[in-house]
Every structure is written in structure tokens, then in C-alpha cells.
């Protein structure tokens, strides 16, 4: 990867490389823009490159130059969605699809009581060195939540592929399992569940700002003229409001990349809101995966004369 | 106990699940009704009487027991009024007032023997209705 | 703030004084008063005076529905120099005083509705309507008597009109009729001259055997794609000699014009007086198309007008107005098993009866039984077949013309064949029209037609005759009439093509697939969609004189637009805030009118200049539905007159 | 058995499209058909003008139920508006349900200009249901309470 | 010094809670947060950093400061100020305790923030020493001794025993009230544990983070450093770092129209927000880079320049752990500090 980036950057074929940069600790890689071939030494690709680079292309694509970007299979769905909404110009991109066998979640290490991490060796079994001794863990136990419902190893948009062999078939769990479990509960139980989760929200906006579908120049919640702007969740209502509207605004556009839940400092399973919409859309209007191609229309931008009426909601649950 | 006619009228309408006010008096029910010729209160007038609240007269009418429950009137009525259902409901009123068994399983063989042309469906529905 | 009593209509259940006093406490309100009839001249004068005396920047009228008098008060405001869009109406009549009986409850609600209107008004801004041009040509869809009359009236006023007719000739259902009530003059004698007039009018273009494929645009500027189906005849070369028809060996097709009672050739003109008198090849019947062999017509055609290669042609034209005149079809009575239509050949519909009676019809005007070709001795007519029924049993409406045409039929039979007994089963005989009841009485009194009040329950064949079992409600008996022919007065039904056409025109339709009029009493020939007018039975059942009257009325309304050079638009349209527009084009995808386009524009955000792809609204095309506003996640797209802030202010005020 | 507050008056925001439902409500009025005064109507050009924000806003400010009324499918004055409404509101209502907000507090109805009686019937039904359920406690904003 | 067996903590908590509200690091789901203590709560004695710092209890995320009742055209101003009720926070770490001293510099300096002052007076801080630091900890860089924390009362947990030492008058007063639970003891066990733990501190990855050269004297140079352009692009401009930071103290004042009046409240703001510093004419900071730079310039240059060299960072490591894209103050210090003189 580094060699390819070096080649394209030094030849002037691209003006910038969007990739990951190694950090100060074994796991703190950051997305980075490299403009200098020398600096590519710091470029890294490992199990902690979970962040989705596609949204950065909105900003990086504004320059009058071509950008080389490395995308994992799931990131390409987000990029397709951005392409379909004219947020990124395809001709300015050189996309290299890279393999992925699931990315790691350092928080999961911590919740297992591992602290003081000073080194991580990545294999099927992770070898972790800490200030307090060494640990070993199966890789699959510390995968990011989003990798537990992997969309597969195919890249949906790319110019070339590198290291496809790196990809491993990830166990494809039922991504709707938790949504269905909640749907099966009583309204009071669901209400209690979501109150518990959403009351944790500190409105840091990390979910929104990382979301490759939340691409508004100015969010309605930041726009003093919108009438609904709010800097914080002053009441329970505002907690609900922010998350309902955010999920609604990305409904039919969200590719389920899982970044929202990954970045939430409070550990709120925000993706369960988006997945609810995805499940409903697929259930009511036919199977739909946003970002499958750049030409797809969001199901909220079209309709069918025979669409279900809202009473399908209670019909589906079979009770009330 | 339903003492007044108004109460009985409401009860008949409730039990039948149909609305006699929808009747436009086209007479199609009576035109189509097989035993209509033998009725004292023909189906369209049966509906009209329910509408007017003359339930007691209907309870004493012969038509009440002439109706075959063939539902031709229900099928043909352009307004969705169901004369047969109204007849049915009035019959039930009568049966309730009588308040005891008028037909037992033992009676059935005799009934069939007495009249070979008697529709079996009638026997079955009568058995269902006249015994409790 | 102005509160109307509407006589006792509002004042009866709303305490006007409380509303006035409450409004005075609302932020922004500087003056409040009330009046007996705000919409009357006195009330409007009061509105003007209040605006002038108190220098009002906006007014709220608490009165009847804005659908009634919003325009009235906007005009009054404009007369006093106030922008008409600075007027809001609180609907305290239809939505309040008329639905609540308790005065306290009504008053409380009226105050809330008034507050909501004030809250909205506080966020109103003056709006200025845009202008658009008018294409001086009308399109009439349907070439029956309605369409012909509308087209002639518009053409006579000096404007171009095109008629699109889906069958090969104009004339419509009226051309199939024998005589017309109540004068009994021959339909062809009064219709065919009009057909010829239309064909020869230099302002009228006929597109027969054609259908409307696509409509876009808006009042003044419709763009229409007309599909001219392949006739396989070059109309310009054809001289109408009819040699081709004579030689055509394929003669098994059912004649549509004769309601299937006679056959026609594969190449045919529907009837002798067809306009244009140009044949058409029925490709499903023609041997050349079916087997590749034949082509006799081509051989005999001297002007060489036959062209088997002809394809459908799409004609694109622009129109300022469109008039729907799609007419009707008689309902098929097959679903009513009691009549045996379809099984019993001597049970026929009224329109079939018209053809049987017509001198140019399949029997040459001789009334003969379908089963054995013998003369009938007794005929039974049955009215209300499929009309006045619950929606799942037929049509809920009265078809209006059946009583009269049945009387006509009965009379014609008795006149021509005095020996035939004629009975009519009816529920009611409805004859509200000039000379109508007299006509019906003549059938009874002069011609001895036997009217029986009651419906028919069953028709059965018995010894070659029809035994009609019905009710006689006057006698309160079941009766049996032996008949040789039974004629069903079938309900009027909208054309199957009406609803898809309505969708294309964005015209609203009622539950029976008739076109909805803009106002049942005051705007009966206009569709709620601007620039679309309704002519004839496509709006609802009516007889010929009514159809012709309405056709003329539709023409006049259409002329009202055609005669203008500019149309003033509705200023309540969408518009993007370019600073917020992401350029995602979602709005473009949901706009039903194609009013949104995208363009690269230089955007100046507080001196920060960037070039961005942003939405643009074509103000003449936008109709102001607001679909785009909700699609826009950033809230860049808003709807003037119904902005996000305004609607939320109303919500807030209601929930306060 | 839950004790119902007899004095509870549900607050209902009813969005009505200008062409069908608002006219239907007018017809209910001119036909003198009663429905509860707790229903307050907001006129919008088309049901597709209803932003989920408006629905939430109403609940925030203390509404106990929100009902959106539009033309019957196929009858939209703007051809397609109500089809978008149907998708949007189905999804929104489903999401509210998912968050545990009672399903019966939101409703989408098609009421034509000719259906005054139906308008009144729907409003009576809706308010009746809200009466049974009591006040909206799950989606209100405490700051907007008295 | 006093000591108490850990098995009797429930008793201690319930006694403290009796007098005042007690907040403690309690496990909720998979995270630990300061929340009001209730009997049998899962108090985390060993989990080092809570997601949010205890600053919430002194400088709340949202706080009403005034209200206006609007009736028609009448507006009435309502005073919503109240004296804070007494409370205590247990389990505060040395870094977080120090952060309150930094906040004091802001809020207790003229003009005094009375809302903060009231809470600071009523609040009591019980700290706990850190014997098992995380790899993200770097409080030592700012001269904080995690093994001898500050606050009103300091505690140490060694094996199965809690050691307790009051540091202030407020601390003494509380100690008096619960003294009967404790036994007197010397500090030998604590000392031994401190010595042992020091070896871990000496191995921390960021122990040598160098702050030299980050002073007001080089303000313009640092402001114009080309490094910002390298650091900034990854930043999502979310508010995570500012909201979990124990020293960030910016707030906004907003009005909420309730329909019946106005609720005026202050709420945390973040220099990462696009509307931070938004004024009537527009925003002087138009780019993400400027906002990103502001946060670190403030912590590392402006604040020490105005506050006797005290940096607005206590090395708690929260931002190192929680930044969604792992861009944090450590990386900034390394990029701009003395090692890279740019």
C-alpha cells in the first residue's frame, strides 16, 4: 500500500493520499492526509484502522487535484452514497480497495479488564502486552460492533484492489437480531431501553460528524434560524428529538457503516436506530442497501402506488 | 327484558348488524324472494317495519317463519340492507321471549320424516336456534 | 385582528367579545374589533379602514374557512395598500362554531385558532407573485358532443384548438343514439353537422385514433405528447371511396359502433358519417398482419393510401389550457346474475336497443329478437341497473338519464309497433328538466306504457320467452311478466381511461373516477388544477343539453385564460437557501413538476466565496406542494407562505 | 385497572392538506357534524409538507396525539405528495413506536373533500382512543408543561 | 490517617449519603460514570477514568440561570437561582481534583460565577490515589502526583483496606462525622504501595512528554505553525474531547421558548462547534483548522500565559482514549513542542 501511495504521489498522479497514520500507542491510528512522499513512512494499515475515510473526501475533494484514498469494502458503500448525492466527484478520486478481516475495538479490550496496553501483536490470536502483564485473546472477541454484521469483502467502487487476500469471510450474524428483539418487547420496555441509552447522550455530535450520510453544510440543529437548533439536550425530549431526526434524515441513505456507534464516547448503540429504518425500508418497500451502487435512489425519494399504509407497523407486530 | 318497541328496534338492528335506513324501497328483495308470494309481510315491508319500529307486529307475522334464510335478498339488495338478517334478528327476539327449548335432537328424525322437502339447512339452523 | 360574527353562525357558539379581548393581549396585535358580516361590503370597508387608520402591517380575520373568503380579504388588504399575503384567516366557523355546541368550548377553541393565526402572521413576509406567458392553443381530450362543442366555441372565438379522440372518428356516444329526448329528433341529424363543422374549422385540428401519452407543464404552458396510432392509411391520400372496405375479406370483427350486434371488416370506417371519413386497419383482424398474405385493399386503392408499414407517431405540442371531455361508458350488467345478461340473448342494454332501433343499425331499424329474429310481442324495460347502489354493488349515484331514455324507448316502441306490450320496472321516475315530466306522462298516457313500481328479482327463460319476476310495490305482490325482449337501463360509468388521464393532468378525481370540479356550485366546469377544464359527462352523469351547456361553459372558462397575455402565479412556492443547500439533488427527485434544477453558482457566505452545485426553482412551474422541503435534510428548501417556522409557530400556539 | 382522568382533555394537532382534508373538515363543519374541540387543525398545502420535525414539535409542546390528513392515494392535488407522506410517516411512526411512544398517538388518514362525515368520525375515534390512553408522558418536554 | 475495611464501604457510603448527596463512580452497562450513589450500587474502586469528569457537579452541562414568564404582552423576570445543596463526590482522581483548581481560576476570579461558587462551597471532594495507571495517563507531566491526590479528603485503597486522610477543614468536618467507622493507623502500608506503584509510573508511555517551549512568548510562532495543517484534517470537529475534558470550561447562554415564557440557561459549548464565536456579523473563525487550533492554543499557550504557567490540561488521558479518530493533545504537544520547533 505504502509503495503504491509513494508511486502515485511522487509521480504527481495524485496530489494527496488519504490513509491512516500511526500514533503514539499501539492502537491510536488517525486518518491523515499525506502530501509529502517522505511522510508516508508514518502511514499504517492495521486492525485499528476502523475509521471510514470516505467522508473526508468531501473536504479533501475540494482541491483542484486528484486524491488517492484507501477504502475497506464497507467504506465503499458510504462513498457510493456520497457520489450519488454529488458530494464527491468521482473523477477526482483514485480509489484503492483494500482487504479487511474485521477491525478491532480497543474499548472491548478495556471492558475485559485489560489496562495499561503497551503493545499489541495482531494475529488470529491477539498478543497484548500491558504494564501489568501479558494477555492473549481471540481476535474475533474484540471486533468492532460494525464488523459483527459485515457486508462482505466486495468493494462496490474502486480503481484498483490491493491485498484482497487479506480479507477473511467474517461471520455474518443477523444484523436485525437486536432490532427484532426490541420490536418484540412491549412499548414500555422499549421506552425504558431507549431512555436508558439516549439519556447518556452528551450531544458531542461525534455520531453526526463522523456519519458519511450526515453531510449537511449546516445541520438543522446548528442553524439558529431553523427553529429547532439546540446545542445540548436540555430535556429528555431533546435527546429523543436529536436522535430521531438524525436517523430520519439519513433514512434510506445510511449504508449501516456503524461509525456512529463506534465513535460514541458514551457507548450508545446509535446504529440500532438506523438499522430500524433499514429493516423497515427493506421490509415495507423491498430489500434495499444504500450505497450498493452510486445510481440508487433512496426509497424516500420514490414511492409505489401500492405502498403499505402506516397500520403495517402494528400488523407486523401482531399484537395491539 | 326489552319492553318497549324502541328498545326492541335497537336490539334488532344491533343483532342484525345491518341498517334498515339504507333501504330505498326498490322492492328487489321481495321480487327475488322465493317464498315472497306466501308472506304476509314481504321482505321490503319487513325492512320498512323495522325502520318504523313495529317490531311486535313482525314478531307475530307469518313471514317470520316463512323466510328460508336463503339470503337471495341479501345478495341482490343494491343498498347493502340485509332483510334476511333482520328476519333472523326478530326471530331471535321471539325465541328469547319464549325462553325454553323448542327443538331437541330427538325431534329431528320426526321432522324430516313429516316433510321430505324440508330443507336440511333449515333444520340445522332451527336446532341451533331453538335449543339452548 | 378582525373577528366576524357571520350573523349567528359564529356568534351563536363563540363569544366574539372574548376572542376580541384575548387577541388584544397577543404580541403584535395593535387593534382588534368585530363585525356582523366581515365578508360583506361593510366588513371589507372596515378591513380597509383599519389597515389605513392603524397602519397595520398584517391582519388576521377570524371568520369562515379560508377556502371561502381568503381571496376576498386579500383583495381588501391589497386595496388598502397591504400586501395580500399579510392576511391570515382563523377558521372559527367550519372548524369551530359549526362543529361545537357548547359556547364555552367553542370560544376557547376560537381563541386558540386565532392565536395560531397571529403566531403565523407574525412570521409572514410580503409575497409577490411571478408572471408567466400563455400559449394560445387549447387541447380538448375527447371528441364526443362535449369535446366538439367546446372546441367549436373556442375556435369561433379565434383560438386554435386540437381535439384528441381515441377512436377513429369523432362523434362519441351520441353518434350511436337513434333519437334524443324529449323532442325525439334524430341524433345523427343534429350531431353530424357539428362533426363536419369541427372538421372544417380552420382553427380546429383533429387527432383521431390518437391518445394523450404524457402531459407536463402548468397552466398557460402545458406540453403534451399525443400518440397518433397507426391507422395504416395515409389520411392525406385517402379519398374515402370505400373500395378497400368492400374488398376486405376479413369480416368477423364485432362492430364497436353497433355495440357488437353486427360485424365489420378489418379495414373499416365506424359508420357512414364518420369524421374523418378515412378508414382504419384493425391490425388484430387484418389478414395481412395475421398471415402476411392478402393486401387486397392495397391493390384496389387507387390513391395508394394504404400503408402497412405505418407506425404510431408521437406529436408534441404545447397548449395554454386543456379540456377533459372523455365522456362515459354504459356499465356492463353482466355481474347482476338476476338479469341473465350475457346468457339470455334477448336481454340487452339500452345502448344496444338504440342500435336495434336505428335505421342505420344492424337490423336496419327493425326491432327483432336477438334469439330468433322474430318480432317481440312484449318488452320489459328495467331501470336503475347498477345505479343507486352501495359501492360494492354498483354505482352509488343516480345516472340521471335512464328514466328519460327509457321513457323515450318505450314511447318509440309503442309508436312504431302499437301491438307490442311495454312494461317498465322502476324505483322512482325522475324527470326534472324542461318538458321532461310532460314527456314521461305522454309515454304513460298517450302511448300506454305500463309502469310498475318495483324491481326485478329474476329473469328466466321459459318456452322461448323470458319470465320476468318482479315486485309490484303498489299492489304489494310479486308479479310475473312474460317478455320477448328485456332492456336494461344500465348505469353511466366513467371511462376506464379517465383516471390515468386525471393522474397525467394532476387533476383530482372522485371515487367514481369522474373528474372533480373545483367547487360543486361555484366552479363546476373547472378542475382544481389550474388550466384544466371539464366538459360533459367526464365530470358526472348528464344529458345532452346539459353536456352542451357545460361544454360551452368550459370553453368560456378556457377562453378566460387564452385571452390573457400573462398569468399571475401563486407566490407560495418553494425556494432554496443557497447558503444551506448541499447540492444532493434529493429535492429534484421528488418534485412532481420538474420545477427544480441544479446549477453551479458562486455563493457568497459572509464574504467567503465558493462555487457550489445548488438547487434552483422555476417559479412558474412550482405549484407549492412542499414535497421538496421535507426531503431537504439541511432545511435549505422552504415553502413561502408555509415556512417551517410558520408551521412550527402554529403548532406552538396551538399547544400553548 | 387504570383509573382514567375524567377531566383529561387530549390535545390533538391535526394537519390537513388544503385540497382534500381541509375541505373535508370544512364540510364536516358545514354539515354540522360534531367532533371534539380538542382537535386543532393546521392548514398545509399538501400532506407531504409535514416534516417529522412538526410532528415531534407538537409532542414536545404538549400534544397528546398528532394526525396527518391528506388526499386519498391517487387523488393528490400535486399528483404524488401523499405517496411521499405515506412512506415518510410510516417510517416515522414506526420509529416512534420503536422508541416506545404509543403507536396510537400518531395517525395518517386519507380524507377527501367529500368526506366531511368521515373526517368527524376519524377525529372522534382518534380523540376517543387518546382519552383511553391518557396524557402523552413519553414524548413531551417538561419545560413546556405548566 | 484512618483506615476501614473495604467490606464496610457500603456503610461508609450510606453514612456520607445521609448528610448530603453522594456521587461515586458507578458502573452503568459497560461504562463507569459518576452518578448518585444508591444502596448496592456497583461502585468501581479500581476503574481509573470515568467517561465524563466530575466537573459536571460543579459546572453542570446545563444550568438554568433565569426565566421569563410571558403572558400576552406582559413579561415577568423570574429569579431561578438557588443555593446548591451539600454533596460529596467520592473516587475523584488526582487529575480531576486538580482540574477543579484550574476551573477556580476562571470561575472564582472576578467576576465570580456565583453558580459555580455555590457548588464549590457545598461540594466535598474525596479523592482516591491511582496505583494502577493506564497507558493513557500523563498527569505527572503537569506535576500532579496521582499517588498523593488532593481534594478535601484523600484516600488510598491498599489490598482490602481503605486509607483515609482529611486534607481540608471541610474534609475534617466530614471525617469527624464518620470517624466511628474507622480505626486510626499509620501510613506505612500506603507508603509501601506508593513506592511499588511508582515503578509503573516510570514506565508510562507519555512520562517524558515535554512541554518546554510552549509558552506565551512564542504565541505567534505557534499560531502560524504549519503543523496545524497536518494535524487538523483528521478532526471530525465533534465535541467529544471538550465534553469529557475536566478542564474545558466554555459555555453558551441560550433561550428556550416554552410557549409560556423563556427559559434561559447556560450550557457547555465547544470550540469545535461551527457556531462557537458566532456573532451577529458572522463567525471570525471560518475554518475547521482555526477551531482545532484554538482548542490546543488555549490549553497550551493562552491559558498558561494568563495563569502563571498553568496548562489547561491535567493529563487524565480521556481524550486519548475517547477521540473517535485518536487525534489528541499528546499528538499536538509532540508536534508543536520543543522536539519539533515549529
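When the chains are written out, they are named A, B, C, D and E in that same order, and each has its own residue count from 1.
To be clear about the criterion, a residue touches a chain if its C-beta (ideal position, glycine included) is under 8 Å from a C-beta of that chain, and two chains touch if they have at least 3 such contacts.
It should be emphasised that the depicted structure is a prediction, and the values quoted were computed from it without experimental measurement.
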{"item": "Partner chains shared by chain B and chain C (touch criterion as defined above)", "value": "none"}
{"item": "Fewest touching-chain hops separating chain C from chain E", "value": "1"}
{"item": "Most distant chain from chain B, judged by the mean position of its C-alpha atoms", "value": "E"}
{"item": "Chain occupying the middle, per Cα centroid", "value": "D"}
{"item": "Identity of the chain that, by mean CA position, is farthest from chain D", "value": "E"}
{"item": "A-E or A-C, whichever has more C-beta pairs in contact", "value": "A-E"}
{"item": "Distance from the mean Cα position of chain E to that of chain B, given in whole angstrom", "value": "84"}
{"item": "Interchain centroid distance [CA atoms averaged], chain B/chain D, Å", "value": "43"}
{"item": "Averaged-CA centre spacing for the pair chain B and chain A, given as whole angstrom", "value": "69"}
{"item": "Length of the line joining the C-alpha centres of chain D and chain E, rounded to whole Å", "value": "47"}
{"item": "Of all residues in chain E, the ones touching two or more other chains", "value": "256, 259-260, 263"}
{"item": "Of all residues in chain C, the ones touching two or more other chains", "value": "590, 631, 644, 648, 652, 655-656"}
{"item": "Multi-chain contact sites of chain A, meaning residues that touch two or more partners", "value": "218, 220, 228, 234, 300"}
{"item": "Listing of all chain pairs that touch each other, if any do", "value": "A-C, A-D, A-E, B-C, C-D, C-E, D-E"}
{"item": "Chain D to chain C touching residues, read off their complex", "value": "11, 13, 18-20, 22-23, 25-30, 32-35, 37, 40-46, 48-54, 57-58, 61-63, 71-72, 74-81, 84, 88, 112-114, 120, 144"}
{"item": "Interfacial residue positions of chain E with respect to chain D in the complex", "value": "256, 258-260, 263"}
{"item": "Touching residues (chain side chain A, partner chain E) in the complex", "value": "21, 23-25, 27-33, 51, 56, 59-60, 107, 110-111, 115-118, 130-132, 200, 202-206, 208-210, 218, 222, 224, 230-232, 234, 262-263, 265-267"}
{"item": "Touch list for chain C against partner chain D, complex", "value": "65-67, 91, 93-96, 98-102, 105-106, 108-109, 112-113, 116, 499, 503, 506, 508-511, 516, 528-529, 572, 590, 592-593, 623-627, 629-631, 639, 642, 644, 647-648, 650-652, 654-656"}
{"item": "List of chain B residues in touch with chain C within their complex", "value": "22, 24-33, 36-37, 42, 44-45, 72, 76-80"}
